[in-house]
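Each chain carries a letter (A, B and C) given by its place in the written order, and its residues are counted from 1.
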């Protein structure tokens, strides 16, 4: 028993010591990234960067908010160089918390359209996702669809599904409406939508698409990204779902379809700012953007790169013309309003 | 005096257990303490062994003050042997390992010799590798005694040594115990509720009631053997 | 005053003091936020959600507690008091659902019952509608009940095995029928075990985040994460946790009050009731029910996961997964060893019915189990950053190029958080072992000139072996399953099976979790087999023939 204890303690010590090693690597060769994105594609892109530059990429992955809290706690001592988040609202929050620093780079300016980067250079978009209306073609004719607002019409009573109000994509959709129409109109929209819900919000985006096939609802508000992922799902029945449903880009004649971006910002106390800029420039280069587009069904941020052919088959679309930082400005307000109208 | 106890008092929160006990013992004397349950007799043993700390009073054993108002020697340094009521033989150790347990500071060879000698003394030489649960009640008692005697304690305390032994065997075992203790010239205190036990084994009997000594007498024994 | 000597060597007091400080100080870091001024988010949540949170949480706890108590006791009584075909296999397999994390069961059931799921497709094939709505309160309770009942089962089973036949038999001789005797005598005596098991269930339920977030059930753990992360409000999150803590406290006090002065823990030695064979229809019905329970909690989800694994193993079974597995194994082993050792030292310090401050201190060291994972995570993170800043001169002296944050970038932080979180499980289990063991063996060793440490190693540890092992198994399983701490506190480039599963699931790729989930479940299942599987020889710590 005694031996067992000693061995167990030695193992533990070994783990702790090997863990400590992380802090003592040569800092010049290491770039530390706090990222919310955890896709295999991203890893492949980072590996490519490592091979090209010899700079090692250290990845800390978690949800956006824990990462931001962690950055705040660490303050000036943070090892992080770069913060990557799949929602621009959160990056804006990081900016207002003073966690990011502005960067000027012609490469970034040339590769990223103006509305997908912060005008002061605090954050830069990497990829885009559109939040669209997905419908069941047997029960909905696309000609019946027009705008997000139209879904509040009583015609759609008991026919609409979407995720919960705690979901960041719905929060940023709501925030965009507050920015476009003002608080009152946005709140009315949310209330109208809730009145038309076919069921209490639940599940993830894929579950919304499945609800269409299950006959629970006729239209769903969801991200293009997940339709793309379902089309290559390992489950053949999910592929069937993706092939069955139709995609509709709303508000084409008016304000445009809601778009959110994954974006990155260099941290206020980045120990390796130069390398971080180089990394950012690499991420928006055509090589990296090509990988994002092909493997992850996201719309590339770099206009020089074509989206995946599945996405092109849905046609081009007009996106909301809105400074994306407004999504961050109205984020809390959006949540509060959604709570108030009973969007669960 | 070999053992000298002065004004020993002990109390649990709110309930006093021992009141100002004073008595002495000669070297090699066997003292029996009789009392009904709750008279404080087991507590007295625990206090003497160092398992409990008295509220006040002094304990001297073999010329050493082991406990007074300022400091108390803990049980593991007091060198007082204790035979527990249910023997407390370690179930995961063999008879030999149980006996050797208190000899951890003795060199291996001497330890082995001492264990063998004790096994012989209690007439259980063939049982060295048995486990406690494979022994009868009387055998367990003898092993417990041998274990307590092994480190050559300054005195021995026995708590109800016969409570787990069948009546028909009690007589022989009592005699055995008495002769073993005498053979070892061990200063011993045994606690019992049975007057017959006390009279057959002890040189002197103290009756304890409500934590006070109410009676004390020397046993006049007709020669046995 | 009764004073004890020798039982508290300075070694143990010092150890308990340090361990207690290490656990309490980080929590103080976070609790001071409680007294900061109210924020808009707090007012908003209080107005709109607080009542709903309390109501939903209460409903969820009540039904989960009720369901686990019912099923756990039912299974324990059947497997200890009756014999029937397969009882030996069932009696250990019924513990297996403990190996299935509630969040995995949640993902799997939601998928099975979704439009593309196995169950729905089957029902479509036979032209039946699929009417079950998994992502509801009822669904969540169902999953909690069938994955958590083993806690009750284990506790009640152990109590039933110890309960002397004398009680039930004396009831029979007093003219009370066997059925009534069970409810009047046997069941009331099981109460401490039942409460102990149900309490663990309640804490696990309160702490779950993955399942309630996916099902969108507005309970406290979800609210705390949401307040913290969506609103970015530490203060609000802490306040919500404080409300939660008060609820836990109320439950505890309520139980104490209900118990009154009755005693339940009388150890009467004697024969235990012999198992009787089931007769008639019961021979079929009861085993069927037990297999069904096992099916819901373990067999069905595992079978579905196997199906996922078949679909996805080509993409997911690779070296990365192997590293994840090794990480899980080493960190779980290391943390478990530390927790068991520390818990043993603390339990040893707290033996002999601790009173007053000592008792309070020991209670405080096991507080972590009742505190939401997210709160612990941030508390530990803040604590480590502070420690790092204090130690910076030392780091620089050792290595001039050292960064400031060393410990908080290491695995030590996560291990520390696990210790804080799971100390209670280890401690309670070992304390119960000490209770059963009694004090005489230890005292006998003291009178044989052995000191505390030597007694601990030579006498207590071997005699407590089964309790220590049981504590280790449960802690290990909990560490392996743990999610919020692992996600927030793991160092760079470090993944465990659980964090990997979470990432796949949060990317809505439930099929891809198949292989990782199966490995995770099998690791725990093997340990459960070792703990409670059929024994070849030796039945208890007291009888150990070689």
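As a working rule, contacts are C-beta pairs under 8 Å (C-beta built on N, C-alpha and C of every residue); 3 or more make two chains touch, one makes a residue touch a chain.
Here the structure is a predicted model, which is why all the values come from computation and not from measurement.
Greatest centre-to-centre distance from chain A is found for B, with centres as Cα means. In terms of Cα centroid distance from the overall Cα mean, chain C ranks first.
In terms of their C-alpha centroids, the spacing between chain A and chain B amounts to 77 Å.
Spacing of chain A relative to chain C, judged by their CA centroids, is 34 angstrom. With each centre defined as the average position of its C-alpha atoms, the distance from chain B to chain C rounds to 45 Å. Shown for chain C are the residues that touch two or more other chains, namely 462. Across the complex, chain C is touched by residues 10-13, 49-53, 55, 72, 74-82, 84, 86, 88, 90-92, 101-102, 104-105, 131, 133-134, 147-148, 150-151 of chain B. Looking at the complex, you find that chain A touches chain C at residues 1-2, 5, 8-9, 11-12, 15-16, 18-20, 22-24, 26-27, 32, 38-39, 58-66, 68-70, 73-74, 77-79, 93, 164, 166, 168, 171, 200-207, 210-211, 213-214, 226, 229, 233-235, 237-238, 240-241, 271, 332, 335-336, 339-340, 344. Chain contact summary for the complex, chain C toward chain B: residues 1-6, 440-441, 443-452, 454-455, 458-459, 462-463, 541-546. Those residues of chain C that touch chain A in the complex are listed here as 40-41, 44, 48-49, 110, 114-116, 120-121, 130, 135-136, 213-216, 218, 222, 226, 228-232, 234, 308, 311-312, 315, 330-331, 333-335, 337-338, 341, 377-378, 381-382, 385, 388-389, 399, 401-412, 415, 457, 461-462, 465, 487-488, 491-493, 503, 506-509, 511-512.
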